[in-house]
Each structure stands twice: as C-alpha cells, then as structure tokens.
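Working notes, structure below.
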Amino acid sequence: MQPTITETTYAKPPGRFAALRGRTRVRLRLAGRGLAGVAVELFHHPTALLGGVIVLIYILAAIFAPAIAPHGIDESQLSQRLAPPAGFGGDGYILGGDPVGRDLLSRIIYGARVSIAIGVLTTFFSAVVGVLLGAVAAYYRGPLDAVVSRIADFLLAFPMLIFAIGVMTILGPGFWIIILALTFKSWVEFFRLVRGEMLAEKTKEYVEAARALGQPGWAILLRETLPNVMNPVIVVGTLRMGTFIIAEASLSFLGLGIQPPTPAWGSMVAEGRDYMLDAWWVATFPGLAILILVLSINLLGEGLRDILDPRLKAQ
Amino acid sequence: MRAARIVERLIATGVLMLAIAVFVFFFMRYLPGDPVDLIMGQEGNVSQEQIDLLKAQYRLDQPLHVQLGSYLSGVLQGDLGTSIVQRKPVTGLIMDRFPATIELALGALLFALAVALPIGTLSAYWRNSPVDRLSMAGAFVGISMPGFWLGIVLIMLFAVRLKWLPVGGRATIGLEPDHVTGLYVLDSILTRNGQALVDSLKHLVLPSVTLGAVMAALLARVVRSSMLEALSQDYVRLARAKGLHELVVVGKHALRNALIPTVTILGLEVGTLLGGNMIVETVFSWPGIGRLVVDAIFARDYPLVQGVVIIYACTFALANLAVDIAYTYLNPKIAL
Amino acid sequence: MQTTRQAENRGTPLLEIDDLAVQFATRRGTVRAVDGVNLRLYEGEILGIVGESGSGKSMTLLSILRLIPRQGRIARGTIRYRGQNLLDLPMGAMRALRGSDIAMVFQDPMTTLNPVFPVGEQIREALRIHGRLDPDRKRRWPHDLFDRGRLRAEREAVVRVMQEVGIPAPELRYRDYPHQFSGGMQQRALIAIALSCRPRILLADEPTTALDVTIQAQILDLMRQINRDHGTSIILVTHDLAVAAEFCDRIAVMYAGRIVESGATEEVLFRPRHPYTEGLLRSIPRLEGERAPLEPIPGEVPDLAALPDNACPFAPRCHRAIPACTAQAPPWVEVGSGHHARCLLLDAGRREGEA
C-alpha cells in the first residue's frame, strides 16, 4: 500500500506544473488580445464604436489644433466681440466670438488639449500608483497593507472636489498641480481593484506551485496576475477619465484650475457666465464640447467593459 | 441588535471625524508660507510686537502638540477659530450659511429620488421598450453632464429666455421668511407665509435640479439594474400568485428589495452632492458654505477654509451614518 | 396499495385543461415548452404530474395561474375553472382567483419568501388581499391602519393559519424574517400563505425537492391532511415517482411538453403502457419485490426548439421504436378504464387485437 501513496504524491508536482504552463498561455493570449483584437470587437458595439471615433476626433483635433483652428487663440477682432454664431446673425466666426473678440471655435479646439492631457495623465498616474500599491499591499499583507488600506478608506470618504480644492488652495493653480490634486485621491479605486484581484489570485495553485519550485513569489505574481488585472484597470480607467475631465473643468470654472488666457473649457464657460443674458453661445459651446467628449469616453468605456471584463457589468 | 450596530457605527463615525480634524490640522500646518505673513500681508507694515501678539493669539508660539491639543479641544467645543479676513469666529460664519447648503442638498436629493425611482422602476418593468431605451439614454447623458454648465444652460433657458424662474439667490429681497430653522421652504411653512413659500420654492428649483441631475442619472441606472434583478426573483412570482395587483408586486415586493443596493450607492454618492454644491452655489449665487469656501480660498483665509473642510467632512460622515442606519432597516439580514 | 382513495365518484371536473400550448421565443427558434396538454382535475382529488426537468410540467402549472415568465406565451388552448376559461379572464378577475380559489406552493421556499418582510406579514398580506379578514367591512384607508382591534384580529387569524400548518410558537415567530426560519419551516410558511384563503385548488410545484427527506415526508403529510380536511384538490408536480406513487390518486406522465400517459396511480405504476413510463419505473430503485437491475433511459431529453411535428418525440430514445414512430404523431389511446397512453404501438396492437 505504502509505495502507491508515495507514487501518487510524487506524481503531482509535474502535473501541476503542466497545468500552470497551460494556464499561463491562456492568460497571456486573453490579456494580450491586443489593440487590434479589441478594435475588431468594437465593431459589434456600435455605440462604443461611435464613442471611440468621436474620442479619436477630439484627440486629433487637440494634436493638430494649430492646423485645424481657423484663428489663433489670442487673435482678436473688435468687430467680432460677442458676435453671434453663423446662422444666428453672425457673419464671421462659426461659433461666434468671445467677450474679447476671439474665435470661440478656435479656442474650443485648443481647449481640448488641456482637457485630454489632464484626463489621460490623471488616469495614467492614478492607475500606476494604485496598481503598484495594490500589488505590494496584497503581496506583503501585514502592517503595510493595513496602513495603506486605512488611508484608502479614509480618502474614499472624501469628496474628490473638496480634496482637489484643498490641494489647489495650498499649491496654487497649475497644470501639474491639478493632476496631482486629482491623483491624490483617485488612485484609491485602482488600488482596491488590484488588491482584491491579487489577493484572490495569490491563493491559486499555480502561484503556490511556482513558489514550491523555488521561483520568487512576487515575480510569478507580477507576471501572472498583472496581465489578468489589466483588463479591469483599463475599463475602470476609461470610465473614470470622464470624471477627471469634468473635475478639471469644474476647478477651472471656479477659477482654481487652468488660468486664462490659456484656453480651457471650464474657464471659458465661466467667462460666458457673465454674458449669459445677451450672448448664450459663449458659455454654451465650451460646455457642449465637454459633454460630448465625456459622453463619448463613457460610451467607449462601457463598450470596453462588455468586451474586456463582463464581470464588472454587475456592479 | 440593531441598536448595537448603530452605536458601533456612531463610534466609528466619531473616530473618523476626529481623524479628519487631525488630518486637516496637519494639512494646514504644513502649508508653504508662514501663516503670520499671510495674516500680516493684509495689514501693511507691522512691528515685532504685533507679530508676537498675533502668534500668541493664534497660539503659533506653542509646540505643535500643544497647538493640536488646543485646536482639537476647540473643535470639540465648536470653536473653529477666527477668520483672518472677516475677523469673525469661523463657526458663526459657517452656521449662518449652513442651512442654505442643507436646503439645497435636500432639494437635490429629493429631485434625484423623485426622478430616479419611477424612471428606474419603469425602465426595468418595461425593459427594452422605447421608454426604457429613452430613459437610459437620458441617464447616460446625465452621468456625463458637467454640472456647472447644466446650471448655466438652465438659467439661460428658464430664467433668461422664458423668465419662469429667478436667475439666482435664495429669495427675492424682502420676501425672506422669518428665521426658524434657516431652511427657507420649511420656515415659510412653519410661519404660514405662502408668498415666501412660493418664492423660496421658485429659487430652489433650478439649483436643486442642477445639483441633483448627475445623481438622478446615476441612481436611475442603479434602480433599473437592481429592479431587474428583483423582478426576476421567485418572491415576485409568489406575490403575483397571492393575487396582488401589479402595483403592489412592483412597488412593494420588488422595490423594497431593489432599494437595498440603491441605498448603498446613494451613500457613496453623498460626496457628489457635497462636492457639487461649491459649483452650484457659485453658479446660482446661493449663499451657502460652498460659496463661502470658494471665496475663502481666493482670499487665502486659511482658518475659514479649514473650518469649512471639517464641516464638509463631518457632514459627509454623518450622511453616511444615516445611510448605514437606513440600510439596517431595509435589509433584515444586516440587522442581526 | 391504498384503496381508500376517493377517485371514484367524480362528477364534473373542477379544472379542465384542453390543448394547452406554451411557447418561448428564443434565438434558436420557438421552444414548445408545453404542446397540447389535456388534463382534468376533480373535486378532492390529488393529481400528480411526473416527468424529467424540462418536460413542461412546471410550465403547465404556472399557466393555470397565468404566471409563466414574460418571455413565454400561451399559444393556444383553454383552462376552464368552474365553467370559465381562465385564459380569457380580464386581469382583475384573474387576480381575484389567484390565491383565493387557486393557490400555489413553489419549489424553493428560501427564495420564494420575500427576504425583507416578516413571515407573519407575508401571510397577513395573503389573507388581507382577498378580504378574508373581515369580509363585511369595506376597506377604509388610512383610518383602519390605526384600528388596534382590527390589527389584533388580523394577527390572530395569521397565528391560526401558522398553527394549522405546524409552525411552532407562531406568536413568537410572527415577526421573524424568512432567513430566521429553517427550510422546512419556510415551506410550511409558504403553504400557510397558499392555504390562508382556503383555496379549492392547490398547485404544488416540487414542494419537497429543496428539503431533507424527513422534512419531505412531513410536508407531504401536511398536504394530505389539507386535502382530507378541506377537500382541497391538489396538483403535485414532481420528478420523483416515489413521491407521486405515495401521494397521488392519479398520475400524468409528461415528456417533451406532452402528456404521454395518464391514469389512476396503481394503473400507471403497475401496468405502465408507454415505453417512457416503463423506462422511468425501471430507472428508480425499489425496496421490495423483484431485484431488477436499474436501467437509466438511454439518450437525452430532446431539444424543445427542434421537435419534429409528425413524430413521437420519445422515438429516438425508445427501445421499441419502429420506423412509423418518426413518420406520424402518436395517437392518444385508451388502454384501460381511465388509463390512456400516447403511443403508436398501443394503437396498432389494439387494432390487431380487434382484427
């Protein structure tokens, strides 16, 4: 009897290892489906595709603003001061003129640069900070995890805008300060996502098998789980980007964000607010630009969620 | 059992509020620049005695832990310091403005629930119908809406163009109700002042809609999905088999269950109401603490900013506590 | 077996189901969940509907209360209760019958009781909705919300019902929530809800499947007692032939949305005529009698979205199938007194016998 038992216990590790290799391959293929694969699947989600196309148009407009914009951002004509848009009695600027006689359309096109840059960078930094802290906390557990998790809970209890305003008060307005202020709180969501995923993954047998084989645990964890965690991170990142863009616009609207004369949609709406009695277009069009961009990002985000991580849909 | 849980939550909330106060204290203490310079900046040239006097007045000559101690004991006694700019106690400044903010937040919450509950429920009940698709498209636009812009568009439409509603403020000058609670609508009712009631309601509509719009959209989506879940459950079939009217089946049996996840999300979104009020109060010239803090930031009035942030955080913690308590009543399994 | 059953003196049926068909539109095509079912339920009788899962027995039951899931529809047929076709009734009249004349007990008590209301409250609602608490009085809302005497009377009525179904200490358990009840007690509570208005027909959809064996017997005893004491007719849907054998006066065997055999319990169990019934009987273990080996029926339940029109749906699994079985729909043949089966071979056999 005895030899049989030893034999079976012996037989297991190679079997596990084979299973591990099989899993690895499947994982990498799923996670590394690549941009092309996702793009193909987007065609089955017409609304997401529409969102993606509009986002792409915004990005291109931001990059090539000098080539596209009919006028310069500082170029003003006295005759076009608060001039109505074409079709509403205007004869010059397509979307009308601002209080200083500058072309509203051109300033909106340039304004995309600030919004998109802040949206993308904030998402990127939040994700990097959140993913790293999440992975470290989940791997080492113990006091480190406890401390970071407490801080995360605490930050979660804070409304983002109040937080950002606190930071802006101290450090003053500025492009990077806005990103810092938003990231200060928004890494928490990525942290919790990654930490939970990692904790669940850590107990799985391929990690244990790798450890038994003498590989350092963190290496295998990073290699195996990060690709797995990337899908939800991409989805949450996309869905959050809209929030960041609105937060930046809100700060700029309050005068705490991007300062004039740099064109930012939030501060343009604030300028228009003083003229809403007789020049509705000044406040309307920059806001519409925000709405359409955020709407498109969210459409894209929900589509990506369906494609990359249907599990998140339940939430 | 339920009481024990509520007490436990109360203690946790107290600890959280204390932590927030400490956090804000250190946050403000490590500002770049000497607070005295900031205070003095508005005075012109000053002597060393004046500086020492000020330092003593703001206890800046004491060690940090003593400062923290006296600050915390002040906070516990309701003393949030003195405004640098207005030279008045911060607590008094905040309390004058706080009812306006509460009234606006309640108005927004009411609007959000009044929109989200019926729309979410009907969308789930008639899923994939034109009603559902239209509502959910609307909700999708709603969650992507920049609040400050919505407020301005609403003003241009309903106040400037149609002239149905006032452009801003809480009441027409001279029509304010007598002070009872500070909530104008409630005070108008309590003092039986019909004219003031209509006036304050008219002033409340657009700000509430603006502040509540994003929340309404978000909640409508949550209500719909939790309602879909509830409607597919066996207990709904039992309710029908009992012979109950569809209104009771949906409005009582399904909705009570769907409210559980809805209230959870509501708790998470209370922050949106608080964060949004700075914007909305600015857009509508609403004299609440949101505008107070924005003005204070521009004036670099640190004690005032510090006080408002603490009030914000505590309101948020208390609102979450209220949600938690509501939750224990909604979900009998939690009450155990 | 028992001979005291009251299936004899029948009179007119209480419930007559004729040519009932329930269909579901799916992406793969129309699923014919119930396809031409005929059933009779007589006063005071216990009728069993037996079949594998997916045979359409639950759908048949749900059709009676018009509670089939929204993706499905009743494509044709009539369900007559005391002369009126339930399928033609306006919604209000249908609601008035649900719970009061025809009540239902569901399969999974855990998920069927509403988790957020106390159990007593859910029974009270059932009593109240059909005005069984004080039929003389008009409902005056909201004044009577605060009428303490009436509230006490309602509470007592609920406690009586809870007592009747054997829930111990009902006064104490009145305020308890479903998750504080055990599975057996939950099912008793469900039966209390069903019985509260003294229905004439009790529809029981696998009422014991989710329960322990000992609890199963208790619940079946309770239902038999209800049948005896109040003369309530019962339709019991089950996949468990042993339960049906012990409990029912008559049995109908369903396969692929059709009834393939029906008759008195003894007839169907001891003289099964349809090959499917024979197969079912051979596939269950017996405690007594000959020790025949267990034989599962070969093959699988057919795809209800792809049933052939003119063929016996059981033919692919039938060890006696002949080519004609896949070429024409099998006839409904009387094989004994009140004993019918749907099989081509029986028809041919009889004709041969006559010839």
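Chains here go by letter, A, B and C, matching the order in which they are written, and residues are numbered from 1 within each.
The definition used in the following text is that a contact is a pair of C-beta atoms (placed from the backbone, for glycine too) under 8 Å apart; a residue touches a chain by one contact, two chains touch by 3 or more.
All values derive from a computational prediction rather than experimental measurement.
The touch graph of the protein chains shown is a line.
The greatest centre-to-centre distance from chain B, using averaged C-alpha positions, is reached by C. A straight line joining the Cα centres of chain A and chain B is 26 Å long. The distance from the centre of chain B to the centre of chain C, with each centre set as the mean of the Cα atoms, comes to 54 Å.
Inter-chain spacing, taken between the CA centroids of chain A and chain C, is 55 Å. The set of chain C residues that touch two or more partner chains is empty. In chain A, no residue reaches two or more other chains under the touch definition.
Residue ranges of chain C in contact with chain B, taken from their complex: 65, 67, 95-100, 103-104, 106, 108, 111-118, 125-126, 129-130, 177, 179-180, 190, 193.
Interface residues of chain B, counted against chain C in their complex, comprise 233-235, 237-245, 253, 256-257, 260, 330-333, 336.
Note for the complex: chain A touches chain B at residues 154, 157-162, 165-166, 168-171, 242, 246, 249-250, 253-256, 266, 269-270, 272-273, 276-277, 280, 283-284, 286-288, 290-291, 294-295, 297-299. Listing the residues of chain B that touch chain A in their complex gives 16, 19, 23, 27, 31-32, 140-141, 143-150, 152-153, 155-156, 160, 271-272, 274-276, 278-279, 282-283, 293-294, 297-298, 300, 302, 305, 309, 312-313, 316-317, 320.
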